[in-house]
């Protein structure tokens, strides 16, 4: 049994981490912090955990040494305290955006300010096992992943890895997403009466998660367009790109099968019949799968690729636990077996 | 390892059973039948099970002997074949309404026709562990439970068990429910464009599940009023009753605590602060909990009691697996640990 | 053409008033105030009004004399300024709860504090035309109506008016409602991620709107139980009561038809076939109808009566415009002809 | 007063037509046909029309001569009977896809079969006033418009008209849409339990409505990608294209303003603050507006253009009534003044 604690446990990412870690067979959750809910039972904030834990939120100043420390604070906080946190644990997994980018200049370009501890950026591994499994296995410090970045990286992964698409043609990634992405604090537009029934293209391009796609896949001619829809959990990325001349459906199947075979949480969804023929986020709520699909217009070379994930799981806390499993030398899927629900 | 099979695996109840049994540590799923999806992969119908099983739906004629046989057909079918099914397995758990009522006359009154095998009614135990734990432990044949009946039985259980409410005053149970209750086949009114956004009191009284409340709790002056709302999974029962003279909040707490302590899947939800102060079905999707709450108007003796469940779990397949655990002598909660999600 | 202005135009009630008044054939909207949106175009807050008006929100200090002044502020403000407002217009219609109750003691009981101008309470007529049509026609000052109170008063109106139910038996009114009831400001629980998919019985009894039912219908043994469901606009009240001995379906039909015939915005919905057999709020969005239904269990005398309304229309702004029409001597339905949408 | 009738009045398009025509000041609705609801009151199928009309559905064989005949049947029926219909009315407006395309070969390519009356294709004008206002004014026969085609034609109109985008670069139009598009009959996937919460990219390219965009705008390098989301009414088209070298925001504003000024139902939505900064279909339910927005990445020339409509209004019945107004020489906006609701 390894000990773990969470700094920032009352947000949605922290809550999902708590759900996963409290059921994980190899760890014991020692502490979880929250400023706004200090002293409250964890289940008062995350009501699904009632009768699962009697843990109360504690103050960050009271955090003790553990084997793995998870950071789940709002962006911009962890970088100021990373040295203190490193003194508390040999293994740190940060869910925020503080340590996702390697290059301080690149960080500044996308986040609009200097990084507080640029020398720490190089110490972190980008925490997407489908891209960095081996490095994560050896890592002490692993960054989180952006949920939209993950849907985007996964939607392009088989195509980029196998070199099937033209990288000088523009790649447009259309992302549709649920309301849990706006975080537990929300904003003016997240009032149910304003947010229900929406199809709201709130960010046509320039979203910060784009930086993670550029860094990780080496594509530069890429844009992410974000549209909020009426759903709580889930992201679908639909990518439009051009395949290289001569690429066939057979090539595509081969590339996708390779990725699905290497990665326990990747599935190909491409059915000719039934209701669920393409990847859909609704059936992934609570699961760590990334479902991939694709369709090719052979007359034009236009490929439409799809990736569905649960933004709080594969797009945040699920992947963080997957990283912990790798860092600890455990089975990658441990504690992440929940398959999602149907219907839902 | 015990072997299990499911007759009727393509409906919503059957799909939920498959999800639970495929993850259950003590069982191996041998077969699942479906007439309409014969020969298809289970995951083509229940897309959450992709990469979890390669099982295909088979024909009922091909079912082999197993340790536990689950029946998940539409109402009215199992009673015609019960003898054949009994030849296949020593333990049968039926999710339909065929064997819930003990008295053939009472069955006829509520279902409008004679039971096909009235002599079998007495052989079954009503499968709600919170009411019949001991009998289930000894039983060979266990019936399923109606989802609305379960919400109703559970909402009244602490009050009836402790004798706190007047049984000659009317008990009105207002039930709000999601669209998965209408089954995978649906009906004219279940088209999304007609069913979304509804508050539809489709049955003011006379619902068949009322019979299970009368039989199990011995209350007769009770009515269930059914209102469809915009949700896929979940039921909330809100009961209005009169407490006996002199009953206090202290008495109520004592009665509820007793039930919660005796039953691992019962929780009391009664908070003074936070967002989740009362039982709510949304956080129970996929979980087997029955969340109970109550409020008393001491000036009038009017009690408002609430029970939230997932209709496909505690109201159907979850309770069926809980019964299997008891029948097999296993821990009652085995394979039912998923706590539900927040947010969702 | 009569001139009208609105004090408090940026909330949901104010926005709905603006929509109705800007299309009303007999009035000209002069001004609308907002503190938080001062100087902004009305259509920036109420985006449906883009290209319908170039009006900007003004300060309350700049309001000029008009023929009819609407007050749509949060509760508790209008009573402090009623004399100033009365100097600006001969006719005042207040949508808030400030002037709904006639008796200062009764007001204090339900609102927990003394009324600021108790002598003004008697000057107002309760603004529900179905109860006070003649007085409203003569009135200078008309109060608004609570949305839940309106659903409750309308659900009981045919029964109480015709003397068909026992008033010493308890009357339980179960109210299911949408998120626009919480107002444009919202609260912690109205974040979409928390509010979506809910069935949340947030107030079992004691809701302030109960006072309006007691005052207007003279029933005392009545409780309102409030349950939030996933919908933006709409309220359904389901009332449980006992009919007097000997009351038949024929008596009920007669009572309901009388009310429907006298009131242009009352409809009876009681069909034997089709999808829409009972009153449903979803098809009433934007309309001023109150749809009534009922069902009687003749064996017990238990009546289940239903009333569906749009909380922002018949439950607030629509009724306010209906009152204006009566006060001005116009056709009661003027500017209120929109029938609602199907599907929606 | 002109007389009008509707062949095919029980579907969603027919119901919306009935709502509009029954309130239209210049027309009298004589008849509406329905095979499946023959003899039923219109309000039993379209419950919003209760107390607005006592019309019953009649048989198509009983249709009498009228001034304007609307056809609202499923695709493929009107073309077989067009000569009979033409004998009944001088003016015909067809909402189906039977007469949208001018070239019989092009029709066959997209619909997979020969047109039954190819000689009639040339007699019809494509019924989108924003493209063919003058011809419609003179026309006897006007076709309907595809809802997704309309969102696509409108999203590109300002750009194509002003020649601002490169037509040899691919134009990807991402369409998100509600469940009313699947028609009143629905399909397996439209069961609420399967259709709620979806983000389902059911057609990556090849949708038949593409043909209307190619024909009407003369663009060939265009694809429509269809994604179903959880909403009943509404479509958002998000188009990705490349502007020509040197095109600036000023050019774009000029092009959009020109279109908005010429067309009473076109609005530009492009705000810097507030919740509603971009076009959104939810606030358009029941309205005939097409809301347009755009954003330009000047570094790459990537333009993201948006168009939101109500698929049953601007995308079908609203545009049909707008055409009738033009054909009859009336104000284009007559009977189409409803602005939509907020919140909703």
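In order of appearance the chains are A, B, C and D, and numbering begins at 1 in each one.
Note that in this section contacts are C-beta pairs under 8 Å (C-beta built on N, C-alpha and C of every residue); 3 or more make two chains touch, one makes a residue touch a chain.
Since the structure is predicted, the reported quantities are computational estimates derived from the model, not experimental observations.
Asks: Which of the two pairs, B-C or C-D, is linked by more C-beta contacts?
Replies: Of B-C and C-D, more C-beta pairs in contact link B-C.
Asks: Among all other chains, pick the one whose mean CA position is farthest from the mean CA position of chain D.
Replies: Result for the farthest chain: B.
Asks: Just how far, in Å, is the C-alpha centre of chain C from the one of chain B?
Replies: Here the centre of chain C sits 39 Å away from the centre of chain B.
Asks: On a C-alpha centroid basis, what's the spacing between chain C and chain D, in Å?
Replies: The separation of the two C-alpha centroids amounts to 35 Å.
Asks: Can you pull out the residues of chain B that are in contact with at least two other chains?
Replies: If we look for residues of chain B contacting two or more partner chains, we find 12, 180, 184, 193, 196-197, 230, 232, 275, 280, 343-344.
Asks: Mind pulling up the chain B residues that touch chain D in the complex?
Replies: 12, 178-180, 182, 184, 186, 190-193, 195-197, 230, 232
Asks: So in the complex, the part of chain C that touches chain B is made up of which residues?
Replies: Residue positions touching the partner: 170, 172, 174, 176, 188-189, 193-194, 196-202, 204-206, 221, 223, 225, 227, 229-231, 234, 236, 238, 240, 242, 275, 277-278, 280-282, 293, 295, 297, 300, 302, 304, 306, 308, 343-344.
Asks: Which of the residues in chain D end up touching chain C in this complex?
Replies: 12, 15-16, 19, 23, 40, 44-52, 180, 184, 232-233, 267, 269, 271, 273-276, 280, 283-287, 289, 291, 337-344
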